[in-house]
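Below is one structure, written out as structure tokens, with a few remarks after it.
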Amino acid sequence: MLKLGIIGATGYVGAEIVRLLALRDDIKITTVVSNSFVGQPFSAVYPSLRGIYDNICDKLDIDEISEKADFFITALPHGVSTSVIPRLLEKGKRVIDHSGDFRFRDVNVYEKWYKVTHNAPHLISNAVYGLPELYRNEIKTAFLVADPGCYPTCSILAIAPALENRIVSHKDIVITAVSGVSGAGRKSELAYAFCETDENFKAYGIANHRHTPEIEQELSLLCGKPVMVSFTPHLAPFKRGMLATSYMNLDSDNLSPADIHSLYVDYYRNEPFVRILPLGQLPETKHVAGSNYVDIAITVDSRLNKLIVVSVLDNLGKGSASQAVQALNIMAGLDETKGLLSPGLYL
Amino acid sequence: MLKLGIIGATGYVGAEIVRLLALRDDIKITTVVSNSFVGQPFSAVYPSLRGIYDNICDKLDIDEISEKADFFITALPHGVSTSVIPRLLEKGKRVIDHSGDFRFRDVNVYEKWYKVTHNAPHLISNAVYGLPELYRNEIKTAFLVADPGCYPTCSILAIAPALENRIVSHKDIVITAVSGVSGAGRKSELAYAFCETDENFKAYGIANHRHTPEIEQELSLLCGKPVMVSFTPHLAPFKRGMLATSYMNLDSDNLSPADIHSLYVDYYRNEPFVRILPLGQLPETKHVAGSNYVDIAITVDSRLNKLIVVSVLDNLGKGSASQAVQALNIMAGLDETKGLLSPGLYL
Amino acid sequence: MLKLGIIGATGYVGAEIVRLLALRDDIKITTVVSNSFVGQPFSAVYPSLRGIYDNICDKLDIDEISEKADFFITALPHGVSTSVIPRLLEKGKRVIDHSGDFRFRDVNVYEKWYKVTHNAPHLISNAVYGLPELYRNEIKTAFLVADPGCYPTCSILAIAPALENRIVSHKDIVITAVSGVSGAGRKSELAYAFCETDENFKAYGIANHRHTPEIEQELSLLCGKPVMVSFTPHLAPFKRGMLATSYMNLDSDNLSPADIHSLYVDYYRNEPFVRILPLGQLPETKHVAGSNYVDIAITVDSRLNKLIVVSVLDNLGKGSASQAVQALNIMAGLDETKGLLSPGLYL
Amino acid sequence: MLKLGIIGATGYVGAEIVRLLALRDDIKITTVVSNSFVGQPFSAVYPSLRGIYDNICDKLDIDEISEKADFFITALPHGVSTSVIPRLLEKGKRVIDHSGDFRFRDVNVYEKWYKVTHNAPHLISNAVYGLPELYRNEIKTAFLVADPGCYPTCSILAIAPALENRIVSHKDIVITAVSGVSGAGRKSELAYAFCETDENFKAYGIANHRHTPEIEQELSLLCGKPVMVSFTPHLAPFKRGMLATSYMNLDSDNLSPADIHSLYVDYYRNEPFVRILPLGQLPETKHVAGSNYVDIAITVDSRLNKLIVVSVLDNLGKGSASQAVQALNIMAGLDETKGLLSPGLYL
């Protein structure tokens, strides 16, 4: 029985992980840490879990919680992770972190975009970017896995097959993406109040969103050239889900849509959670919301010789919580798909 | 040109009043008071008003703002109104208040349900309950009008014709009502965050909601007997709108649905904002959202000899802001319907 | 391995059953029947199931599908069930039906409220009302189970403990209920179009909704007296979920809220899916959406000596699909909770 | 008093025009034509208009309705407009059409993208593209005005200042846009059912949406070169509103954001309905929903030397109905802003 602790457990990502794992018979969540709700049952914060996961929230005491678990998932703000995780690693724990703190290979890129000084740069080289489709082997033995951002997961998986196979230019990639509101976390901010968000649509973080360099890092590694992308996130009035529309310039016009489709199918042939749609079909967020699946569709605009890829996932699923569970399964040597194959609710 | 000041202007009720009045040529909003946004343009808080109402928010300085306007609308929390309004009245201003502070004829009822001591009980006897359908004449000359609560407006108008005409029992009246989220005001509370409210439905304030005694007061006055009602509010995931389903026991079974329908039509024959639906039709909140109308439908359950009345309004319209404008029109001797006849958006 | 067929599988109830069962290792859905989509993969209709349940939809040919399965779940319009189910029963199949056709003990009540002639009245006496909390033993051996309506499930479970224990009057029970839009089924009707439904709230079916006599039948059986209820359904802009607010008159004022609460806790002590909330807490539909749970809270209005019970469930969960799976588990001698203990998504 | 007829009046665009004009004292809607609702009061179709506009729907009889009005607004499917409008023009009527039929200067472009043969190509040369910001003078005297598409209005106004001033390349323009669901019209299609649309997000019409050539036509005329754009529309779960994010490559890096901002402000200096936001602010659809305003914000991505423009409007406002009213005001020699200056509801 794998013993797991979750730190920052009462945010939406933490709650989703509890939901995914509460009934597992091979994993036991032995501690849920939440400074805001110390001493309260987890199910008082999330009454959907009443009778299912009623454990009491612990305070963040590394010594105490280290006694309870061997694996930890941290869902903390960036900058906080760097102060907590080193102490867990010192105690021999294996950690999956949800912040941006350990996603970057170059600490300068991190510090520039996040506008903070990194507290634990010595750990960066051993951290593994937790995207199983790209780093499965590294995840297996990692002690520190950086769960990828939701936008990067959605974008990288959409672009990787084309870019790695050099059928598109590495320049002038434009990504427009849309997130559900849960991506902002469990916050009492007016901007995310129902009356301010419902029936509304907006762009934000234009030209400066922190997921930009994360996407660029991984795309650059895939094609061996420095990639810069124009990435624009938007906020739409739904709770869960994410869609990215990625525009790439095809390098030649000799490839038919069917060729490119085959290339995508091949690229993900062995991936249990990436579904390439038949040509002519387009994905919708409701097809994946509540699940760990990513659905991807390609369209060729022959007038402009562009490849347009639409990808969808659940920002709380493959975009964070269930992707962390997938990494956990891999790290623990369990069946990677355990507990993750369920379809979304559709409605 | 009537000069109006709004105190507590940057809440949703205040903003709705500004929206309704900004383009009027007979009323000028000369001061908008908002302690949270002093010195900022009103349109920075509500960008929908950019170029339409860009006045700078004032701080609450009674002496200063009294120089600017003759009429004031206050949209302040209960308990605060009682400290601000006496000073405005002393300066000869006429005031419409949105709080519960001056809605009750019996200060004890107020203090019991609101759990505060009333600071200005001497003003109660001169305050007028601002429901034009019941108190039009009193409003004309009033210096202090208490704008009714949204639930009371919706409930009282639904029940008044039956109760005043003694066709139903004054006992065992049950009112189930539903409000849109804007009824909670412009708040950064987690309970009203998009992710907590969207796709959710709940009851609240069962057996203790403060609008209960307000409904009871007015119904008691209408029938001359002490009325107690069972009132239960609910919160639904939409921004504007309110619906009340009111259950009454018919006193006799001699009245046909058509008789009762006629009675309702007659009761509101001269009311410009109350629309009685034809028998067999039911109202929906989208028929009135964004307007000052109240739509009311009656159904007779002959199996149970019950009269069931469904009424809808916009909680920010006839439920608060536009009802205040209606009262303002009346107080100022203007055409009561001025600026208020527009239909809602439907969608 | 239990072999199951679903008839009328591409409606929302059918799709939810497929979602719940697709990954079960003890049940295999061997045929999904949908006249509208014959020959198409089920996952073409519900792309959330791509790669998870891709079986081809069959046409309704009783002989053919009878070869494929031993249990059938029918999700057909009322009046259609009566023509299909007798033929399945003749072939020795065990059936769970979602229509109203077999929920009534008195065929006259059915014919009066449904305004059709019943085609198979001889089967009524052997049909079992599929509410496990009341009829668990009967379900075990039944060949024909009538899955209860969503509103009746939500209402009956809320009222049963009080009524069966005679602490409330069997007269003057008022039930106000609200359903999410999926309760209307998968329909291309303008009334359920997004633009007509979103940001809207309405009552419907006042005094004549077909779930009324179903509630009355079961409540009458529980207390041994003829019960008539005033039942009013409403439609709110969310997809899944149902809430009922039930008003009852307490028969004495000797019972404290704690007493009544204990009585409710006791009544459902052994029920895995009914959760009685602590006094002072109220349920929300998001606490149960996507699950088989029912959450129930009681409030005593001591001013009026009324018991007010709020109950919530998922209309596609305990209100139909997952309740059918619960019945199926019972009929098949499996663990009743198998595959049903998962919490809802919360968001 | 201008007498106006609306043909195809019971769709959402028609209803919005009625809403905007019903209380005008200088315009009278003398006939509303709707084949689906002949003989029924308009307010039976849109109960929000009960008591406000109860006129009976007429059938489409050109002779009869021509007697009633001098101006007509047609809200008909493309291909139908071409058969109705010539007969109105023959009778000397002035017409504003909402379809795509008369938006194109080159009939071949129309026929290629709309896949129909144009029935009245002789009228094209006299039709005016009804975007007041570009064609105000032509609209004044036009007999046939083609009301622009919603996406083209939102995109063209966002790009025009940069392109006409040659600060961006006319190549590689990418436009990602999002519409509320009312853009699909009042339809009973499953794809737009609440349960299929709510909490969902999707792209559609990739590389083949009919608004693409309309955008290209106007942008080409603005810069004198053939412009091709990559245009991708998306559908989001809200009723009203539209946002476009337009990406352009800056032709030089000598222009500061402030320079470009000034250029935009200057370009629209005299436009009553175009609001250029201060640098650093971004528009949201709720700022314009329910109004005739367009809000536009520019951002410079200096890393990529790109200009990113976000523009918002109400697809039923400036995107169709209120823009038609603006054109009508111009055609009739009325104050162009009459009845259109009201802000949106914000919520």
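Lettered A, B, C and D in written order, each chain numbered from 1.
One rule holds in what follows: a contact is a pair of C-beta atoms (placed from the backbone, for glycine too) under 8 Å apart; a residue touches a chain by one contact, two chains touch by 3 or more.
Model, not experiment: these values are computed from the prediction.
Chemist: Higher C-beta contact count, C-D or A-C?
Modeler: A-C is joined by more C-beta pairs in contact.
Chemist: Looking at CA centres, what chain is most distant from chain A?
Modeler: Most remote chain from chain A, centroid-wise, comes out as B.
Chemist: Find the geometric centre of each of chain A and chain D from their Cα atoms only, then give the gap between the two centres in Å, rounded to an integer.
Modeler: From the centre of chain A to the centre of chain D is 38 Å.
Chemist: Taking the mean of the C-alpha atoms as each chain's centre, how many Å separate chain C from chain D?
Modeler: Here chain C and chain D have centroids separated by 46 Å.
Chemist: Could you state the distance in Å from the CA-based centre of chain A to that of chain C?
Modeler: Inter-chain centre distance comes to 36 Å.
Chemist: On chain A, where are the residues touching two or more other chains?
Modeler: Residues 12, 182, 195-196, 198-199, 237-240, 283-284, 286, 347.
Chemist: Which residues, counting only chain D, touch chain A once they are in their complex?
Modeler: Listed in rising order, the residues of chain D that touch chain A are 172, 174, 176, 178, 180, 195-196, 198-204, 206-207, 228, 230, 232, 234, 236-241, 243, 245, 247, 282-286, 289, 299-304, 306, 308, 310, 312, 347.
Chemist: In the complex, go through chain A and note every residue touching chain C.
Modeler: Within the complex, chain A touches chain C at residues 12, 15, 19, 22-23, 46-53, 182, 198-199, 239-240, 275, 277, 281, 283-284, 286-288, 290-291, 295, 316, 341-347.
Chemist: Given the complex with chain B, which residues does chain A contribute to the contact?
Modeler: Per the touch definition, chain A meets chain B at residues 12, 181-182, 186-190, 192-199, 237-239.
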